[in-house]
Structure formats: structure tokens, C-alpha cells
Amino acid sequence: MSSQLLELYVFVLAAFTGYMVISRVPALLHTPLMAATNAIAGISLVGSLIAAGAAQNRVATILGFVAVVAATSNIVGGFIIVDRMLKMFKREDKKK
Amino acid sequence: MSSQLLELYVFVLAAFTGYMVISRVPALLHTPLMAATNAIAGISLVGSLIAAGAAQNRVATILGFVAVVAATSNIVGGFIIVDRMLKMFKREDKKK
Amino acid sequence: MRDTFIQGSYLAASVLFILGLRMLTRPDKARRGMQLAAVGMLCAIVGTLLNHTIVDYRWIVGGIVLGVIIGYPMGTRVPMTAMPQRIALSLTLSALAATLVGVAEYYTRMANGTPPDRVTMTALGFEIMLGCITVAGTIVAAGKLQEWLPSKPLTYKGQNLLNGLVFLFIVVLLVTVISNPTKQWAFYTMIGASLLFGVMLVLPIGGADMPVVVALLNSYSGLASCATGFAIGNVILIISGSLDGSSGFILSVLMSKAMNRSFTNVLFGAFGSEVKAGPKSSAGMTVHSIGVEDAAIQLAYAQLVIIIPGYGMAVAQAQHAVRELAEVIEKRGGEVKFAVHPVAGRMPGHMNVLLAEANVPYDRLYEMDEINGEFDRADVALVIGANDVVNPAARNDKSSPIYGMPILNADHAKSVIVLKRGMSAGFAGIENELFYDKKTSMLFGDAKASLTGLLAEIKNV
Amino acid sequence: MRDTFIQGSYLAASVLFILGLRMLTRPDKARRGMQLAAVGMLCAIVGTLLNHTIVDYRWIVGGIVLGVIIGYPMGTRVPMTAMPQRIALSLTLSALAATLVGVAEYYTRMANGTPPDRVTMTALGFEIMLGCITVAGTIVAAGKLQEWLPSKPLTYKGQNLLNGLVFLFIVVLLVTVISNPTKQWAFYTMIGASLLFGVMLVLPIGGADMPVVVALLNSYSGLASCATGFAIGNVILIISGSLDGSSGFILSVLMSKAMNRSFTNVLFGAFGSEVKAGPKSSAGMTVHSIGVEDAAIQLAYAQLVIIIPGYGMAVAQAQHAVRELAEVIEKRGGEVKFAVHPVAGRMPGHMNVLLAEANVPYDRLYEMDEINGEFDRADVALVIGANDVVNPAARNDKSSPIYGMPILNADHAKSVIVLKRGMSAGFAGIENELFYDKKTSMLFGDAKASLTGLLAEIKNV
Amino acid sequence: MKISVPTETAPREQRVALAPDSVARLVKQLKLEVAVQRGAGIRAGFRDDAYTSAGATIVPDAAAAFGGAEVVAKVQPPTADEISLIGDGAALISLLRPGHDARIPAALAQRHVTALALELVPRITRAQSMDVLSSQSTVSGYKAVLIGASSLGKFLPMLTTAAGNISPAKVFVIGAGVAGLQAIATARRLGGVVSGFDVRPAAREQVLSLGATFVANDVVSDSAQTAGGYARAQTEDEQARTLAAIGNHIKDMDLVVTTAQIPGRAAPTLITEEMVQSMRAGSVIVDLAAETGGNCALSKPGETVTAHDVTILAPVNLPSTVAFHASQMFGRNVFELMKHLVQDGALVLDPNDEITGAMMMTHDGKVVR
Amino acid sequence: MKISVPTETAPREQRVALAPDSVARLVKQLKLEVAVQRGAGIRAGFRDDAYTSAGATIVPDAAAAFGGAEVVAKVQPPTADEISLIGDGAALISLLRPGHDARIPAALAQRHVTALALELVPRITRAQSMDVLSSQSTVSGYKAVLIGASSLGKFLPMLTTAAGNISPAKVFVIGAGVAGLQAIATARRLGGVVSGFDVRPAAREQVLSLGATFVANDVVSDSAQTAGGYARAQTEDEQARTLAAIGNHIKDMDLVVTTAQIPGRAAPTLITEEMVQSMRAGSVIVDLAAETGGNCALSKPGETVTAHDVTILAPVNLPSTVAFHASQMFGRNVFELMKHLVQDGALVLDPNDEITGAMMMTHDGKVVR
């Protein structure tokens, strides 16, 4: 079976999973969750790494480099922020 | 990317989906749900059809034929039974 | 083009299965869900029939026709009470199909002189192993449920060890045939060994735990289908097999929880454990115990609920929880009435004080004479810690110390749910037949705790 | 071998992302979830670095180092209040990365003289389009949130039409470049058009709705990553992109619900709609309104809750619901005290009658003098239909008619939740500053209805 | 067949043996004739016209009420004069104070009256609806708290007011039988902090089931309860422990209601003078056992005593003060008894019947109990 | 500075102006000396030793209690004899029945006593804690229901028993001020089915807020309430509509409690003789407005009247019958007033103060009100 078709299955199943995972979130977590999915969107770093490292041509490498910088800073900053936000609940976690 | 690997992804994602879909079921629905997943297990008909229809050799065809009979009767009987079980709630559905 | 169509139908089938399963977890949408799943199945079949490897439709048509002829009466004729064994047998069939497909594939490859590669062989191996275990296991399970086989756990010394050895043997065969797919003896021996193992696996488990086992075998059968999918490279098999595998597993866990059985006990500890009888039985009658979830569903969908409070409600100080429950049921559109028996409790007006304290409006309270005619119309009579005042012996049994006392006709309701801690008698110290009635379900536990549970559950229904 | 490792790490990453997201929906597990997701990210990166198409690590290392240098302060320095704009900008970056990768891929293929096939081109086209819309959209959103741009909706006549035209233009370009991938002009024009469209999309939406928009753009950016995955045949991109796409979408729907905004309004109707101010404000102060879900979480995790009942509780006849709430909080391990003000209600002992009726034990009731010292220690002061008795004007404002009356120190609690129907004054007819306090959240609605909602919610927390 | 209801003549007796609702049942369900003496019900709130519309005939005087009926229903035992008016061989249903005054049964037997004492209804489930002791004790328990609360210089409920915090009164109910439980329920309703005490073990759970607390768990013993559900007299050691437990608890009480009785014996003395002395000034004791000797050493039946700044009420015939409902319940009990006695329209007075036999004091001209 | 508490001498007055808890506050918080006449508190349940341990000194007689103190605190207005004992220029805090008997203020002015009438505490939020009308009305409302329920031949609560079903009594409270609301709350506690009525529109919500129902919504009008929160007298048309509404509703009531008052005027007559006649035999009316003329046409202050088979109670000075708590609240009100009056250890009697000024009846030898 063609791998592009299989990829489509992967896409559909992952979308389902995403949908079902999120379906019930308390509003308090909306912002942290948004920030976290946003940090996960930093996965575009994967593509960037390949583009930057494949050494195909100057333009691609530079674009890739910029992409790596952008994606990395998103990931790093993103997770730190989520962490800061969630730390605010931590005190309360312990109490439970 | 190899399609067997992609198939593995499909497997994992589908398993997740199955898990999350079921995680909260009232006990009343346990039996109907079991019957329904069971009817879905009749999907082995798909393999049976291919085995029975591929006309590879006598043995395979006969095995395939038996498999088709088995799987079909499971699907047909299975869905009918689920339907009968669920009909029992129907009266109550309306009331709501 | 044709391929796109096939894949489209498979994709549709996967989505329909997932949506269908999701809906099947909600009482009000379950039927829709089942229909979606059935449509999904149709999509998958139609898509498969277009497959270009299929060249000869005769056997297929014949098989399908025969399958329908067998399956239809299986579905319509089986009495509702025989449902569990019917499901087990049905499972046998689908596992059989998966196994046979695997055998056919292996046979064909060997016959064509193109032995499967390792990955495919691994898939085939698992398919056969899981398929055979399921086939044998479900047959034993069905036999036990139908009581063709003794439903008691069959145990003997060294059972776990023997089972372990057989399983090890299967693993060895599996490894053998994977590492060298041409070793046909290993392949066919594995079939036999797996069948044997299936039997050994289920025999020691008691009849009461069978539903859990069937759900678990369902999961195995799903995995077998999945393996078929890997073997013949068919994605719909992978997806639905995987869905089945995981949902079946979770379901068996949930079921064992609902039955108050430890899951691992069912799986392993059950080897050698005794079947527990239902909570105390009197003169051969058994009571039907129920969980809060089921009770909640019955109450949530009932049109008229008559609540019968008794001394147990007072002991549990559950009056506030009772009122809350009544409010929740009413908010969902049901009607709730309180039937107060003249001697319920331990002092005249005992129930009145408590219900007034909980702010149950006076006009919801009905005297015995007013309400007794309404029980026939009630979907549920909810008996909360009452006993003597609903004991039919007062009507039927001349020798009973309470003979002649008028009682509340709880037994006339379409169904009865009784909240009690155990099977102890009430003030009069006598057995109550109502609790052994077919339409009565006992929700055991302190009335307040049970009500709190019901309240939490009913909001999720 | 290396490939297996890469795939293994990708698989692990996918699983970790899913588990992480799931945990992130539960307050008590959210942090664990985030950590799992971070580990998943690490897996994906390490896996990718092993990819055999990567031959030159210099740019990569440089880029990562630079990225960390930029990202770290972005994460640590941003004040909590600037969070939404920070998230928006962060999104710009990841969308930018996805876009650049797409451009690089296209450029390389064209430069190498191997123009992408149609399927790949479709993926690339969507990647670029969605990426650019997100980049431009998030920049505008951040600008509005930071108030560099006017946070008011910017609208003009014919806006919808113009937007539609631009979007049509993009579609035409997309079709063009897909049907003939060598048409480079179309590709690059599309970049410009998409950026423009992103700006036009967000400009008309008011600042208050921005979080919903950012969540939605997040979903677009996920889809862009997904398209990248299709284009370069990378499964982790497909999975996480798709996860992001669907969860972002659902999240934006949930958020708009929580903010009481219609989702389609935010998307389309918002074109031209006015930003609504917070519920009535007094002398330029605004109140912070809260939903039951948030209130429920605050109460569920509080160690000490002091409940202050007032006349509104009596009017709503919410005493039973209040007791239930107290019980639920206590069952979760919190402590609950009732602070009864001497003149709460409209008759001496008004609160006592009602709370006694609801069976609140006497030893939970505290007089003003006993409890006032404890507010500093309270996580939440829950004011239920009380007003004058918690009005700080009695302490501060010599001109107030209630000046000199001792009050309950609700304002000393760490946070205050007030259940009230609106902003009406109490018996004394005067404004209450407490309601405008930063740490006060107003849960508007009839007290009984709000409490019923709270009860349902708190059980799900 | 005719049943008649004379006006009660005992001092301060306001009840009537049948209320109109029971008259209607007797007429409709049992097809009896009912004769009611003029004004018999008025002090309980039942006017004559209520009886006539229920199907009774009004008779002008006692002579007409007592004579000429197969059954006479009364509340209080008849006087010698009244007995002389009862028709020869008729049946009398009434409270008769068995063992109290032997002249009454003798006089009744002499007139060949079959006298059924309502005090003797057996305590079996089937006879519960005929049990006037239960129904009238319900009234006493309720009323005892009302008069106790009225005599108390305190609020029962807790009140938080601008003029300070009123702490709830502490109410202690001794003896948790029918009256005691009703007293507990009533005091709880009024917002008091209620505790209860009894020697029968089953009483403990019953007290808790009303939301009150139980005092001195260790004093109860399984053997304290007799087969009939009543308490037996205590041994000396038990008595000592009981007194210690009560003495310990009572110091802190504001309102004490005592209901402890032992059938056929004098009520146990559970509150001694020292205990009264230990109580706070202004406290109130309501002794419901006054008629059988009292649970408090200082109580005087029918009088209000103030000793050591404690007010001790010892009301007699409390049910009569709630005449309307007490009569209604009394009448309902009589009706249920009649339902038991009338078979196919005829009165069946079978000395071997489990219920009838147990109640019979005179029959066939003989005193049988 | 010294405040003294004489024993009350009015007949049936059991209260005392300061309870020990307020004495302790005066001593500790305001550093006052407190003198209490021997036995002043005993009828309210406060023994002398409770006062001494609160920091008071016990003085032997009225002369010692009235003389020699800067402030005298009393419950009932002083008699002429008592006035003559008060020290020249001292302050008197007491109920004084303004407008009732002009000789009292005259005598007080003559002795240069500054007399503060507790009835005149303004109804402002700040003065709520000094308001004895509120605190004593709370007591009256509670007690009215208790005595009403005690006089009623019925149960208030509903009871389902083996002897039939007791339907709950219907209680109707007319006038939903402080006393009325408390009556509603108490009757609800006892299990009655309660309805309320008042002419002030705010009262409707307040009645509902206690779980009772409100009668005749259409009669209330916004203008019925004066600025002080009190009701004004009704116009003739209003009066007619009010009577019609009450007459319609009252027929079916078992217990009626009336509390309607209009400050400075006679209480409105809201229950006519015809209404009483229309009521069921055995019903009870408790008229709390008896002292100002009564809400029921047939009520006689301090007496129990039975008319048309209806019992009409018109109790006077009900708070005195709950002397313990009534005194405690009264004392607390006096303490709060003292807290307002004493600034830096000195008594400040400022005729221009919003509270003090409003209460002042005599000052500087003149009758100011």
C-alpha cells in the first residue's frame, strides 16, 4: 500500500486522538494547554533541522538555519512558559 | 518511509483511539458494547474475502470460503443482537 | 482510481468505527453508534470486494450467502438470557476466520515457493497464535456459560506451572518459525499448541467471571485481525483490529471493576480461586446485586420513580441525599413521589421529620392508600432502607408475624431498586421475598454512601 | 538499524505527545503532562538528528544555540500578564519555521531541476499557505494584545467581500502551482497573498477575542507542520501536526464557549462586531467575572474555604446546595467554615434558621469575632449572596451609611468568589468595592443555580 | 349495629373517642350506626355538624349515649354512674387503667359488659394501628418539648444577631420510646442540640437515626429489653451506673424531658435531687412519667415545682391538650379495633383471639384480668 | 465611671438590663465599674456569683443601685420612687415608652437626669447592635409561635402514623417585621405550612426567603414603607383590600400570629370578629400587637379569650418569658450603646450625635422630646 495513503491514515487517526484528548478541559487550563500545544507546534524544528543540515544549496541552508533558530526558540521559550504557568497550581497540587 | 513502519503508527494510533473512546462506559452498556466490538471483530471478513477470492489454490480458497462463512455469520448475527439489546433502551430514550 | 475508491472506503470505515464506538458508550446514542459501525463494516466489505487480487467471486458469494443464512437466526433466535454464550461463540467465528486466513496465506506462500519474509512471518505467527487461543478459549467459555461444561473453576495442583510450560512451548515454536519460515512443522504444531493453551486458559476460570474473559478474548481476536492486516498489508484490518484490541482490553478491565473483581485475579489469580456465590441466598433463591452506574441509568431514564424511605434512611441520615436525588431526577424530566408507610421507621412520623428537615415539600409525600395504586405505573420503586413495610409476606404468608399489615406495593413497580447494607432483616426479623424477586436489584452499601454515588453517576448519564 | 532507531524515537515522541496532552487536561497532572511532551520533543529532535540526509551539523548547531539564546529569556522574562501575546509570538516563530522549510524544499527541488510531484506540491502549497496566514495573523494578534495595534476591531464596509476575494485569489494561485509546480511566480505570489490574508483575517477581531484566535491559528500552524510532513515524508510531523491541528481547533471552540462567545461569531460574525465591556463597571473599575469551571477548580484545590452566606442565599433558598458544596469540598480534603455575620439576612438569626434547616452542624458556624482572624489563612472566601456584611466601606469610608459597622474580612482572603445575580446593591443601597478588587471573581447568576453548577463541576475536577 | 360516643366527663379531658373521620369510616366501611352525644367533640375542635355530616346521629345526653348501643367507645375509664348507664351485655372500648381501681372491672362485670382495655393492645405489628399508647405517646412527646421550651428562659435554636450570639439550648431526652423519640425529633426541629438516653440497646441507633447523640453507650445492655419491646426494671448495679451517667451529663443541660417507664411498675427515678441541684439556674425538666411516679425525685404530678432554681414540670394527660389530633388518632385506633372485631356485620368478641383476648378485662359477667 | 443595674420591679418582668457577659465586656473593654443589685438577675437565670465573677460588685438594695452611679441601666421605665433614687445628673438607659406617660420624663428632667429611651434607637445600620426593639422582637416572634402551638389542639408538623395521617397545621403570620419573620422561621421549623403577609413590598421577598409563601401579592405597594423602614398607616381603600385578602385566607388557618404595628399609632385592626367566626373550631390566634391595641378586634391584652370556638391569645411582654436570652441580648444592646457613649473613659452625651440625640428624652433638666 502506498505510503502516502498510509500517511493519510496516520493523519486522520492523530486528528481523532487530538480531538478526544482535548474534549474536556477546565477553563483554568485553557491558556497553559494552548501554550503547550503551541510548544508542540515547535515540531516544525524537525523539518527545519533536515532543511538546515541537508546541505543542498545555500538558500535552503540559510532558510533552514533561520527556521531552526525560530523553531528552537519557540520550543525552549514555550516549555519554560508552560512550566511557569503550571507551577502556579503546584502549591495546590500538594494539598490534595 | 517504509509502509510497514507506517502501519505500525497506524496500529499505535488506533489503539490509543480505542482506549480513549472506551474509557468511560456505564455498566449497563458493557454487554452491548462487548457485542458491538465483537461484531466489528468480524472485520476479519476482509481478509477472508481476499483469501477466498484470490483463486490461488484449492486449499486457500476452501479455507477462505470457510472463513467467509464464519466471519459473515458473526457480523450479521452480531449486529442483529446488538440491535436487539439496544432496542431495550429505546423506550426509555424517548422519554428523555 | 479503483485503489483510491478502496482506500476511501477503508478510511470511511475506520472513521465510522471510531465514531460508532464512541457513541456506543452513551446510552442515548448507543443505537446510532451501532448503526454507524454497521455502515462502516459495509464500506469495508464493499471496498475489499473491489480489490484487484480478487478474481473469483463464486466462493465469496457462496460464503456470504451461507454466512447470512447461519448468522441471521443466530441473531434473532437466541434468547436474551443466552447472550453471553452467543457472544462468545460469535467471537469463535471471527477468530476462526482470522486464523484460517492466516493459514491460507501461509499455505499459499509455501505452495508458491515464496516463503514470507520475517516481518510478514511475525505477523502471521501472532495471528495464528492469538486466533487459535481465542477460538479454543471462546468455545470453552461458551460451554461454561451454557453449562455444557461445569461452570465451576476447574483447578488442579501445578496448573500454573503446566500452563506456563505450554505457553513457553508456543513461544519457542513461534520463534522457530519466524527465524525460519519454511519450518512448516513448527507452524502447524503451534496451531495445536495454541488451541490447547486456549482451553487451559479458560477452564480454571469460574462461570461468573466469563464475561470478563470473553471481553479479553475479544481483544485477542482484534489483535489477531490486526496481525492479519500486517501480514497481507491491509490497513483497515490493522485499524479495526487495533481498535478492537485496545477497547476490548479496557472493556474487560472496566467490567471486572464493575463486578467488583480484581482484573489480575480474573486473569491469573483466578487459577485456583473459588467462584463466589451471589451475596447470601435464601432457600436457594439468589439476589441480583447492581452497581451505582446501572442504578443511575435506570433512575435517569425512568418516567415515574416512587421512593420508599424506611428506617435505614434514618440510620444512614440520608434524607438530604434522598431529596437531592429526587431533584436531579426531576430536573431530567422524571416524576418523583415519596411513599410514606404509616409504620416506616421507629416512631410515628419518623420519615416525616427527616423528610421535612431535608425540605421535601409536603405535597410530594403520599400516604399508603393514595400511592398504592400508582406503583403499576412506576418505572422504578426505589426502596431506601425499608424492609418490613414492603414485605409481600404481609399479603401472602398467613404464618408471618406481619400478616395482615397493609404494605406499600413496591413489587408492583416495573423494577425495584433496594438500597441496603446487606441482607439483614428489618424490625420484624423476617426474610423479605421482594429482595429475591427477578425485577429487584439490590444496591448494597450504606444508604447515604450509595445515594452519593448515585448522584455523582446520574449526572454523567 | 539507524532507521529503526529514528522510527522508534518518532513513535515514542508521538506516544509521549498524546499522553502529555491528555494529562494537560487535568489540573493535578498538567505539569507531568508538559514534561512528557517536552521529553517527546527531545526524542523527536534526537531521532531527526540521526537522519541520513543530514550531512552538515554546523548550521544546525548554530541555529539551535541561537534559538536557545533567544528562547530562554523569552520564556523566563515575559511577565505573566503578557502571556497571550507571548504565546502568539511564539506561534509566529513555529509557523515561520514551517513556512521556511516549505520554501527551502520548493526552492531546492526547483534548483535541482526536480520539481515536486502533484501530491508533494499539494502538501507544500498548503504548508506555505497556512504557514503564512499564521505568521501574519499571529503578529497582528500579538500587536493587538500588546496594544501596539488598536485592540478595537478594525472594520470597514465591504470587508467580508474583500477578504473573500483575497482568499479566492490564494486558492487560484494554489491550484495553479499544484497543477504546474514549475510556475514559481504563482508560488511566491501566494506567499505574499497569504501573509496579506493573515493580516486581514485578524485585524477585524477585537482584543478580547484574541485568545480564541490564537488557539485557532495554533491549529493552522499544526496543519502546516502536518503538510510539511507529507511533503518531506516525515511521520512525526504528520502526527504532531495533526494532533495540534485538531486539539487546537477544539481548544479554540472550548475557549470561546468558556468566554460566552459564539465560535462562529469570533470567526466570521466578529467582522464588524463590537468588543463588549465587562459587566457594568463603577467609576472606571471593572469586575472580573468567572465561570463555574474555574470557580470549581479554585474551590477544589483550596485548603481553607470560608463561606459567607447572606440574604441572597436566603432569597435563592440555596442553603441545601451550600451544605452540599461544603461537604464535597471537605471530602476532597479542604476545610470549610461558615462565617455568619450578626446582621446577615433580614432578621436576627436568618442565616441560622436556614443553615440549621440544611443540617450544617453548629460547630461549623463561626461568629464574626472568631473568624475574622482566619481570613488571612483562607484560600477562598466564598460570598453567597452577601453584600453589605463584606463591604470594606464600613472600615474605610467615613461618609458611608454603614461606616463603623464591623464586617467580615472577606477581602483578607487570598481570593474571593462572589455569587450574585448582578451588580445590584444590598440593603444599605451602596456600592461594594470588594467586587472590584483584583482578587475577587464574580460568579453571576442565581445563587442556587450557580451552586448546582459548581457542585456538578467540582466532581469532575 | 350501633356504636356510641359519650362526652368525656373526667376533669381536663378534652378528647373524644371518635373523631368525625373515623365515624365516617365506621359508617361507610363497617356499615355501623354511630351515635354521638351532643357536644362530645367540641373541646377537641369537632362540632356536632361535623359528626352528622360524617353519618352519625347526635343524641342529647349521657343516658342516650351509654344506653342502647352494642359498643360504647370512651377515652377515660367510666365512672360508676356511667357504668350503670351502659346497656346490659354491651361492649366497652376505653382506656381502663388495668390494675388501678378494681371496682371498675367489678362494676362492669356485674353489668355483663365486655370491657376491652385499650392499654392492653398487644405490641405486635398487626395491632400497631390499634395501639392508643403509641398514638397518644406521640402526642405527649411532641407537647412535652413545646411546654418545656415555653417554660425555658432560653431560645432552643442558635441565633447569630446584632445583639450577640445565642448558643443553642441543650436538650436531653431520657427514655427513647415512642414519646421520647418524638420529643427528640421535636427538639431537633426547634434547633436544640439534642442528646438521648435509654437502657434498651435498640434505642441507641434509633436516637442516632433522628440526628441526636446518644449518651453513655456503655450503660445499655442487650438484656434490658423484654420480648414485648418494653424495658425491664434494672438491677441495682445497672441502676447505679445509669444514675452516674445521667448525673454526669445532666449538669450541662438546659431542658430535660424524661419518659422512662416500665410497664406494670413505678417509673424509675433517674433524676435525683442532687442532680437537680447540679443543674444551671433556669433549667427546665419535663417529667412525662409523672403519672406513674415520675422519673425525677422532685416532680409532683400535675404541678410545676421550682427547686434549686430549676423548674420541674410534671404534666398529666398531655394528649388531652392536643385534643384535635389526639382524638383523631385515638378514634382511628378505635376504628381499626372495630374493623378487627366486626366480622360480617356482627361483633365477634373471642377471648382466644390474640388481640381481643389480650385486651379483655371483663367478659360474660366475669372479671377475666 | 460606674454603671449600675437595679432589680426590675414591674410585675411579671423577669429580665435584667445587663447579663454577666455584657458586664464582663463593660469591665474589660470599657474599664467601667459595674454595680448590680442583689438578685437582679436570678429570675432570668443569672445568679449573683455569675455577676461577681464577671467583675461586678453586688449592692444590697435599690437605693444603692440607683444612687451613686453615673449611668443606670434598666429594662422597664422607672417608677416615681425609683426616679427619686437616681443620682442628680446621672444618665438613665431604659425603655421609656415615649409619649406614654408624660410624668416620667418630667420627673427625670427635674432630677437633671439625661434619659435615653431605648425605643428611639434610630434604625440605621450602625445602630443595629443597640436596637432593643429588634432584639426583643426576635424573642417575641419565637415565643409567640411556641405558645400558639401549645394552645393549639393540633400538631404543627405532618405525621404519617399507624393511627392515620396527621396533616400539617396551617400557620399564617401577619406583619413580617422582625417578630413576624422570626415567627415564620419558628413555625417552619416546627413543620407547619406557613404563609405570611405584610404591606411593605420588601417583606414579600423576605417571607419567601424563609421558605414560606406570601399572601395577596397585589395588596403590597411601594409607598407602604417609610424612610425608616417602618410601615405607614394605610388609606381606607388599602385597608379594605387588605382586610379582604386576609379574610379570604384566614378561614383555612389553624394558627395565626399577628405582629402588625405602625410606630406612634394604634396597631391596625386586621382580624375582625366576622373573620374569627369564619375560622375553624379550635383555631388559635396570637396577637403580638396587643399592647398597642391589637390586630384582632377581639383580643384583650394579657388575657386569653375564647370566641366562636377560637382561642385568642394577647400576650404582653413576651420577651420577659424568655428572660435569659432576652436579657442577654438586651444587655448586649446596652453595652454597644455604652461603647458609643463612652469616649476615652468619659461619658459623652451629645444631643447632636445621630444616635444619642435621637434617643434623648431629657437632658440638662429639660424634657427634649
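Side notes on the structure shown:
Just so it is clear, A, B, C, D, E and F label the chains in written order, and each chain counts residues from 1 on its own.
In the analysis below, a residue touches a chain if its C-beta (ideal position, glycine included) is under 8 Å from a C-beta of that chain, and two chains touch if they have at least 3 such contacts.
Quick caveat: nothing in here was measured; it's all calculated off a predicted structure.
Identification of common neighbours of chain D and chain E yields C, F.
Most remote from chain C, judged by the distance between CA-atom centroids, is F. Across the two candidate interfaces, D-F and C-F, the one carrying more C-beta contacts is D-F.
In this assembly, the C-alpha centroid of chain A lies 17 Å from the C-alpha centroid of chain D. Chain C and chain E have Cα centroids separated by 56 Å. Averaging C-alpha coordinates per chain places the centre of chain B 39 Å away from that of chain D. Of all residues in chain B, those that touch two or more other chains are 1, 3, 6-7, 9-10, 12-14, 16-17, 20-21. With touch defined as above, residues shared between interfaces to two or more other chains in chain C number as follows: 14, 18, 22, 233-235, 239, 342-343, 348-349, 353, 356-357, 359. Contact of a single residue of chain E with at least two other chains is seen at positions 128-129, 134-135, 138, 157, 159, 161-164, 166, 189, 191, 211. Because contacts link the chains in a way that matches no line, ring, star or complete pattern, their graph is best described as other. Listed by chain label, the pairs that touch are A-B, A-C, A-D, B-C, B-D, C-D, C-E, C-F, D-E, D-F, E-F. Chain B meets chain C in the complex at residues 3-4, 7, 10-12, 14-19, 21-57, 59-61, 63-87, 89-90, 92-93, 95-96. Interface residues of chain D facing chain C in the complex, by the touch rule stated above, are 320, 323-324, 357-359, 456, 459.
Chain contact summary for the complex, chain A toward chain C: residues 1, 5-6, 8-9, 12-13, 16, 20. Within the complex formed with chain D, the residues of chain E that make contact are 157-166, 168, 191, 193, 211. Residue ranges of chain C in contact with chain A, taken from their complex: 7, 11, 14-15, 18, 22, 233-235, 239.
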